[in-house]
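Read from first to last, the chains carry the letters A, B, C and D; within each, the first residue is number 1.
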Amino acid sequence: MEPRDSEFEQRVRGSFAKQAFMATIGARLAAVQPGQVVIELPFRADLVQQHGFLHAGVVTAVVDSACGYAALSLMPPGAAVLSVEFKVNLLKPAAGASFRAVGKVIRAGRTLTVCSGELEAIGHERSVVAVMQATMMTVRDRPLED
Amino acid sequence: MEPRDSEFEQRVRGSFAKQAFMATIGARLAAVQPGQVVIELPFRADLVQQHGFLHAGVVTAVVDSACGYAALSLMPPGAAVLSVEFKVNLLKPAAGASFRAVGKVIRAGRTLTVCSGELEAIGHERSVVAVMQATMMTVRDRPLED
Amino acid sequence: MEPRDSEFEQRVRGSFAKQAFMATIGARLAAVQPGQVVIELPFRADLVQQHGFLHAGVVTAVVDSACGYAALSLMPPGAAVLSVEFKVNLLKPAAGASFRAVGKVIRAGRTLTVCSGELEAIGHERSVVAVMQATMMTVRDRPLED
Amino acid sequence: MEPRDSEFEQRVRGSFAKQAFMATIGARLAAVQPGQVVIELPFRADLVQQHGFLHAGVVTAVVDSACGYAALSLMPPGAAVLSVEFKVNLLKPAAGASFRAVGKVIRAGRTLTVCSGELEAIGHERSVVAVMQATMMTVRDRPLED
């Protein structure tokens, strides 16, 4: 996949740095490539649901951000990205010492970009615990990104 | 809708209290009825994405919990609830002073319960900013709920 | 909801008439209102899956068309509608003498319109057998609609 | 992936033969492997939407059947498969001389199996025109499959 903005990595890293919620949960931008982004999240006891596993909202947050930034990495200079919608399947309890969210572009259109994402749990073993299919939107000429 | 556990409200409230992530983001269980649950979330600057709106993961977290507990409110005594999957459409930026997530049961089956949810943003005006369609699972006889 | 094209009903009816697949399965456009469209489908033995119920693809077809035309009913003159994505929950087997698909606009944006749809089965009793959450796109200035 | 029923292929082929709707649209079961099924569909003018492309319901029908039978291929003897829900993204107009739906199991659980599917259009070139993420259910001891 060919980026249309040579400074795509700085753009993604700059935008991620503004996502206060990523800092709140302790997520870190691990890798930025054209059309693919990886976010890492260490387990923390304050991120769990009632059974002690990562809350589905936290699962969604890191996979959605990974997908959104995978989409942004291929957008033209000056564009911003918005999540239009996503669907998440939770395959097994999100148990692990840390987690790795990967977002990939499946198809980048002029207005809409479709992505697939997954969350891998890393502990004694590694396994995919959630998968996402998402639609992202290219926003131009709107005062959304500061 | 008819609850099969007369202590459904205590059960939902007890489980919600164990969802550490709800406390982390400042969410509060506002109402528990058979087949419908409401969660309230005040805006906080540490919950946002890059444009200053509530992060889609936070949106998802409160609507997913509302849907999950709406499902649990109709389950038999001793059962636990798991999110199988959900799909979220983000209708507009999640901007507001506070937010109100409503989860409702559409159909409660023996194993699977289908729910619809929405997030309302409350500021100068009120508007629905996200909608969810979700599948929840009744889990029996498994060491998931402590 | 306010139509932006006074001839919205003719436009929807004209487009539906071009959907050869609707004729193939015997579906009929029953009602067109601003932001809401109803399609009726009698049961036929050549539309079933392996258990004798309406195939999920047929369920999807009529609810998707109902949602798409609900969206089109609110679009400006000259615009065409495309299905971007949808998610369907199959609540129970689609058994009945006939079926009624209803599509409704939840939010009509400049580019994207979000809809909800459902399929009701009508036999000895009536019940909702499937629900859809869908995203439709307004397409302008493209040679898609003939 | 390891089938639990050595006669998985006959079982899938037998069930597919009962899906009258697959015959109605001219779909053919092309390949059955443990955890993966391929269905082929030649283009026909009576399967289209208003712009002359394959209707989204037909797209969904063949990908859903491919995913369902991929799931069934891994189920124990005597089990039947039901589609619980699916989400489809339509990446581009479904234009081609023929189409190839591939369904794959991502995770096979005791009750639920999660699949991913896609539809490839084959004409002057080949391209993926739709992707699906689906949940299938193992049904035992119920009078659903004849």
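Everything that follows uses one rule, which is that contacts are C-beta pairs under 8 Å (C-beta built on N, C-alpha and C of every residue); 3 or more make two chains touch, one makes a residue touch a chain.
Every value quoted in this text rests on a predicted model; they were computed, and no experiment measured them.
J.: So which chain is farthest from subunit C, going by the mean of the CA atoms in each chain?
T.: It is A whose centre lies farthest from that of subunit C.
J.: Could you quickly compare B-D and A-D and let me know which has more C-beta contacts?
T.: A-D
J.: For subunit B versus subunit D, what separation do you get between their C-alpha means, in angstrom?
T.: Roughly 32 Å separates the two chain centres.
J.: Can you compute the centre-to-centre distance for subunit A and subunit D, using the mean CA position of each chain? Integer Å is fine.
T.: 29
J.: Scan subunit C for residues touching two or more other chains and write them down.
T.: Within subunit C, the residues that touch at least two other chains are 84-85, 87, 89, 114, 135.
J.: Mind listing the subunit B positions that touch subunit C in their complex?
T.: 87, 89, 91-92, 106-107, 109, 114, 116, 128, 131, 133, 135
J.: Report the residues of subunit A in contact with subunit B in the complex, numbered from low to high.
T.: 15-16, 18-24, 45-52, 55-58, 60-62, 64-65, 80, 82-90, 93, 144-146
J.: So in the complex, the part of subunit A that touches subunit C is made up of which residues?
T.: Of all residues in subunit A, those touching subunit C are 84-85, 87, 111-112, 114, 135, 137.
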